[in-house]
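Okay, got some structures for you below.
What follows is chain A paired twice: with chain B in the first complex and chain C in the second.
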Partner chain A sequence: MNAEPKMTSRPTRTPAEQALADMLSAAPVSEAGRLGELRRAAAAAFVENGLPHRRVEEWHYTDLRALLRTVPARRAATSTPGEAVSFPNAIRVTLANGEVGPLPAELPQGVSLLTLADAIASDHPLLQRLGAAAPALYDAPLALNTALLGAGLVLHVAAGVKVARPIQVAQLFGGEAASVFTRLLVVVEEGASLSLIESFEGDGAAYLDDTVSELFIGDGAALDHVRLQAEGAAAIHLGTLVADLGRDARYDAFVLTLGAALSRLTVHGRFGGTGGHLGVRGASLLSDKRHADVTLFVDHAVAGCESRELFKTVLADSARGVFQGKIIVRPDAQKTDGRMMSQALLLSDDAEMDNKPELEIFADDVQCGHGATAGALDGKMLFYLMSRGLPREEAEMLLIQAFAGEAVEFVADLAVREVLTAHMTRWLEERHR
Partner chain B sequence: MLDIRNLHARIGDNEIIKGLDLTVPAGEVHAIMGPNGSGKSTLSYVLSGKEDYEVTEGSVTFNGQDLLALSASQRAAAGVFLAFQYPVEVPGVANMTFLRAALNAQRRTRGEEEISTPDFLRLVKQKAPALGISQDMLRRGVNVGFSGGEKKRNEILQMALLEPKLCILDEADSGLDIDALKVVAEGVNALRSPERSMLVITHYQRLLDHIVPDVIHVMHKGRIVRTGGKELALELEETGYAAYGADAA
Partner chain C sequence: MSAVQETVAQVRAIDVDQYKYGFVTDIESEKAPKGLSEDTVRYISAQKNEPEWMLEWRLDAYRRWLTMPEPTWARVSYPKIDFQDYYYFARPKAAPKSIDEIDPEILKTYEKLGIPLRERDALLGIESADKPRVAVDAVFDSVSVATTFKAELAKAGVIFCSISEAIREHPELVRKYLGSVVPVSDNFYATLNTAVFSDGSFVYVPPGVRCPMELSTYFRINEKNTGQFERTLIIADEGSYVSYLEGCTAPQRDENQLHAAVVELVALKDAEIKYSTVQNWYPGDKDGKGGIYNFVTKRGDCRGDNSKISWTQVETGSAITWKYPSCILRGDNSRGEFYSIAISNGHQQVDSGTKMIHLGKNTSSRIISKGISAGRSNNTYRGLVSAHKKAAGARNFTNCDSLLIGDTCGAHTVPYMEAKNASAVFEHEATTSKISEDQLFYCLQRGLSQEEAVALIVNGFVRDVLQQLPMEFAVEAQKLIAVSLEGSVG
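Our next item is the complex of A and B:
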């Protein structure tokens, strides 16, 4: 692109933008080759565009420019904030403030795991995939993450290998306010399958976590993905998920959002071959003044694929939930089957939900639908339960669990589902304390 | 025993119960009949503690307790049970989970010990088949996808498990075929006992052939306007409610 100097005046940088720009100049990109170019372009794009604000459509309900007041410095991990959530039977790697802990001594046959730093140092061929499926459109958290690349993991599953045990990438944050940029690159080769768990937890420090996961699911491969966001109460969580599906590939994700003061998750799902299935489901349980935004883009670029999105948002106190979903069905994507639903339960008059599901259909032989609802607990159901002896709080809990449960039940692994359910139950119990 | 005196209740600006007196001694079954819209369901909701209604006057005591001071769940623990005219579907809450949660919540409120899982399963196994409630219906969401008749039978199953002291049945017969009516009536009759009072709301003599009441009340415009023996139902079947000023439907 021709970088002609723009005559239109850009608003002056906010302190946060300035801090991020300084961060970029303090870490100039030295690598040559593709990766170097990618990173330099990302840094330049941030310098050019800055943080998104409400006039940027995809960020309309989450004005990051206004919400991000300060950006803490990047600094080496000071302390490790306790133990990460454990999932039965999972092989776990822990990142403490972005620093990768010991890699598992033994991995299942056909699975390899290396730190991103080692991959970069050895110019690992898998790095060709990094950024390869990312959307062309500028997105600040993704651009910053790419420009400031370094911490993270590369996970590879060889063709045809069915990994029996889940692999958990556990991220812990805290100790001191810091900005942490982590990247996870996962490649599940043809005919292979993997269950991936990502968890994000932190203490009360006002840290910023900008994290990107790029998932390549080969032809006929399958990836089950669970993402638990239980960040600290003062944290800022900026997450990006990019899923690239091959022919007859399957991707099923469940994202549970509980924490952070400000949370944004952007999901890009892209079908690269026919017969793909993508399911992205989630539940967000938000209290206090939390703001959590889930924004999905599903790109039906080819024919004969199926996508399912179901999001349940429970809002207490003066929490604010945002759901945006865009299903794009391109002209060649005949026989597309796409369904998207977002439902919100408002437990308080001060809570707010913004729902914006959208379909953009350019093919004629498709089956697509979307819907969105927001409302209070059903008074008739509540009375019915209470009339049988359940005290109000218990009746409410049952109804909220049932509401969110409709999404959680898509988590196929029962042991994993149980851990997620326990987190939800804890959230409900704390509400009544 | 249940003692209602000069009860007035309204929803919004609309007074529906307008000075109602009614006494149901322990062990007796009383039927309430009356034209559509006379306030029968409203009375059942007010007794069981639905918050949409405001009681503006009068009192309701049950076994010496001021019922109106209790929440819906406390009333349930005190022994009040309403079999709904239109049972509510609760998706995502398994029938079995619900039954057990309800039973244990009542026990906790009464300061009793919770029922163990095996005891609970045994109890359900003992009561459900007679009411035609299958394993599948127990696993499904509460009333979700149940037919009208199945919902009504599920209400009776809940009643049988919870063993209330005051059973209020709001049109337990509506939507039931002849066989299901017998099943429901048998379920109800099995619960008749000297300690238990029942208030049976119905439009038809048919149900009262199976659940024979001790007393029949006629409700009209929010009040009890006549009280008599079981022969009153036959009389109403003949004459309708014209004598009470009700319009012919």
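Our next item is the complex of A and C:
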């Protein structure tokens, strides 16, 4: 593909673009050094390129320029919205509308956690990693998040430390509609291991959350990552996940998306050393008019790595699911093994699923494949279950659970898996109510 | 040296210059002045004695084309085309009145290409049972020079002639269907074609008729710096069947020649069209110099219920291929098929695939695509399958496999699947791999040479598609595959 042609004259700014540009000029970047440069460049990039539209290939099915009508102001939280989902045994930090709550009094040996604001104030050395693995290609949510940097956390696991308890970063949104930009920087040093849970929940307010998680997984390190997103019907969620893997590193993620009015998750996985393993799985259960887009980029930059992606999308009512996945195998990345699968179940004639799995391969000694399916519940299976005496609703639920369950099975921690399954069951029950 | 390394070494050494059809025929030709303007469009139209409505249609297209941007989304790169540097019309001097008046040089050209232009030759062919009869329309640069078997086809009611002739003889059919599948401003190259198309084939099969023989067109670009813009229109009326073959070659030139064709197929109720292409335009030399830019719009419209359109293509030539034969499945129970083998070697760039647009109820489509990349080439499959809201029971199966030979080429897959109906069932699978060492070893230890072994494996890889070709073309295609990968894979 030729590079996206440079627009010589940008179309007029939409109200949302104008609001975001105003937001940027209201918070000018004054700091010096690397971070300041990074933020200024990101702000300039947004001012130049604006929001993506359907002619931008990566956003073909989620035309942000058209879908993002208004952008609420950034404002301090007025009320704290509810209580975050709890995972058994997890150490939890809560961010309410981006504001970091009390940090845990005790953390396991070798784990340090500090607010991004404190890290910036003290010019913490870990901040050198911030933005270091971000993709070069312009991406509006990432650029905005970088330009408006401030809220968030920095989590560090020292070399060789195996953290037994999961650490949960719970984000809650709502009360009053606001725009919230949060950033999570996680560094798991050589040989260490961590189980990280991120949750995003909100009420019915028309808020916008733009959140970026940057994960650095050192040589021989392992990170298990669970991401639960269950937000309000009026919310807009723009999420970015950047995972940078060292030699023999392992990263396994599971993403449960119950959505927002509009939600987008962009995942960038990059192998920096041989022997890496990356597994990104997910289930999206969407109802009403929710629109959820999951877009993956897996960059096999070096030889001898393995990637596995499996996504299950269940669509009810007028929901729209989007899956885009791109496996890139660079010229020297021989012995790459990549498999990607996206499957969608359409429960309603008004639902829509757009699938775009992509392979871009420049090395010959590779095994790569992708598959994609879309369809309704299998009539024969339904009939079988109903002929055994199950009511239709129950039979449907069972089949949907089995369908989505294939992806959840990859969550190794049984207690965590149970919480996720409970969320899925609740979604199914609400559908029939 | 391991078998694979050897293969790689051979790919590097491959001599793409051995293009078999690279000869130039020395005949006098008449050309339109170089460049493109309204005058060029008027000149072409006047040369062909076209009616006023045709000229208007062309001029409308030309004016729209001026406002359109060149597409850049395909994964191909080439220097900007100077559209003023081409001849938009060239034809052999002295237009032939009958087949006996055709310049013997042209006849010789087609003989070299192995196309039986004279019925006599073809009739001789029948005597040996393995050579079924094929009616041929031959297009040399911009004009159709001969159409064979006309009389016999006319007996069955089938109209098979050049499109210029159809505009003169059957204006009612042409006006009704031309541009009804690919509208004037469909895309940059189709619009250009509409403005300057010079010739092509026209087929009309009346209701209930099964066309008694295969129809075929052979295209050849001979003149230097010419663009070939052919236009093909095939209409299968209710309950009819036609199988159509198309082949292409061009001489070796250092310059890039432009080929921007438009093919429109219309299948009415219960009709079936089978369209096969063996594309072997000159691919350029081993350094990527010269070769044809093949920017083609091919689309079939399954307009009636229970209609079927099937595309089969073997793409081995062209420096750049940009081609997406598509099916619009409008009629209920209509069916679309796309079988493709795309081979790229040397510096070739291929961005090809299909679109299956499901609009009617219980429509089905099947896509089988086999891409083989060798040398320094890039081979992309790009396809769209979509089911619209009312397309209840739509069904698609897609299989794209890519084979990489050597580590300097690229193979890419970009499928789009858009399901807007719950009862639509879409399945897609794609794989990319190289020839396995095990398979090679097995063949070698059975006494096959390296080249034979690779050819055998590649032929097995593409077999699903080859089977779809009419018999005599399958044989030709198989040879072509071997020639295209010569030096690399037998």
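By definition in this document, the second predicted complex is superposed on the first by the 426 of 433 C-alpha atoms of A that agree within 3 Å, B and C clash if a C-alpha of one lies under 4 Å from a C-alpha of the other, contacts with A are read in each partner's own complex, and residues count from 1 in each chain.
Quick note on the criterion: contacts are C-beta pairs under 8 Å (C-beta built on N, C-alpha and C of every residue); 3 or more make two chains touch, one makes a residue touch a chain.
These numbers were taken from a predicted model, which means no experiment stands behind them.
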Exercise for the section: Assess the superposed three-chain arrangement around chain A: do chain B and chain C clash, or do they fit? Expected result: fit
Exercise for the section: Name the contact category of A:Met381: first (chain B only), second (chain C only), both, or neither. Expected result: first
Exercise for the section: Classify the contacts of A:Val47 with the two partner chains as first (chain B alone), second (chain C alone), both, or neither. Expected result: neither
Exercise for the section: Between chain B and chain C, point out the one touching more chain A residues. Expected result: C
Problem - chain A-centred angle between chain C and chain B, computed on Cα centres after superposition, in steps of 10 ° - result: 70
Practice task
Could you say whether A:Cys368 touches chain B, chain C, both of them, or neither, answering first, second, both or neither?
Solution key: second
Practice task
Name the contact category of A:Ala159: first (chain B only), second (chain C only), both, or neither.
Solution key: neither
Handout entry: Which superposed partner A:Glu57 touches (first chain B, second chain C, both, neither)
Key = second
Exercise for the section: Kindly classify A:Ala344 by the partners it touches after superposition: chain B alone (first), chain C alone (second), both, or neither? Expected result: second
Practice task
Between chain B and chain C, report the minimum C-alpha distance in the superposition, expressed in whole angstrom.
Solution key: 13
Practice task
Report the residues of chain A in contact with chain B in the complex, numbered from low to high.
Solution key: 379-381, 383-392, 394-395, 398-399, 401-403, 405-406
Completion exercise
In the complex, chain A touches chain C at residues 1-2, 5, 57, 331, 334, 344, 346-376
Fill in the blank from the handout: Listed in rising order, chain C residues that touch chain A in their complex are 4, 72-77, 389, 392, 402, 404-434
Completion exercise
In their shared complex, chain A is touched by residues of chain B numbered 48-52, 71-73, 75-77, 81-82, 84, 87-88, 90-93, 97-98, 101-103, 105-106, 109, 141-142, 158, 162
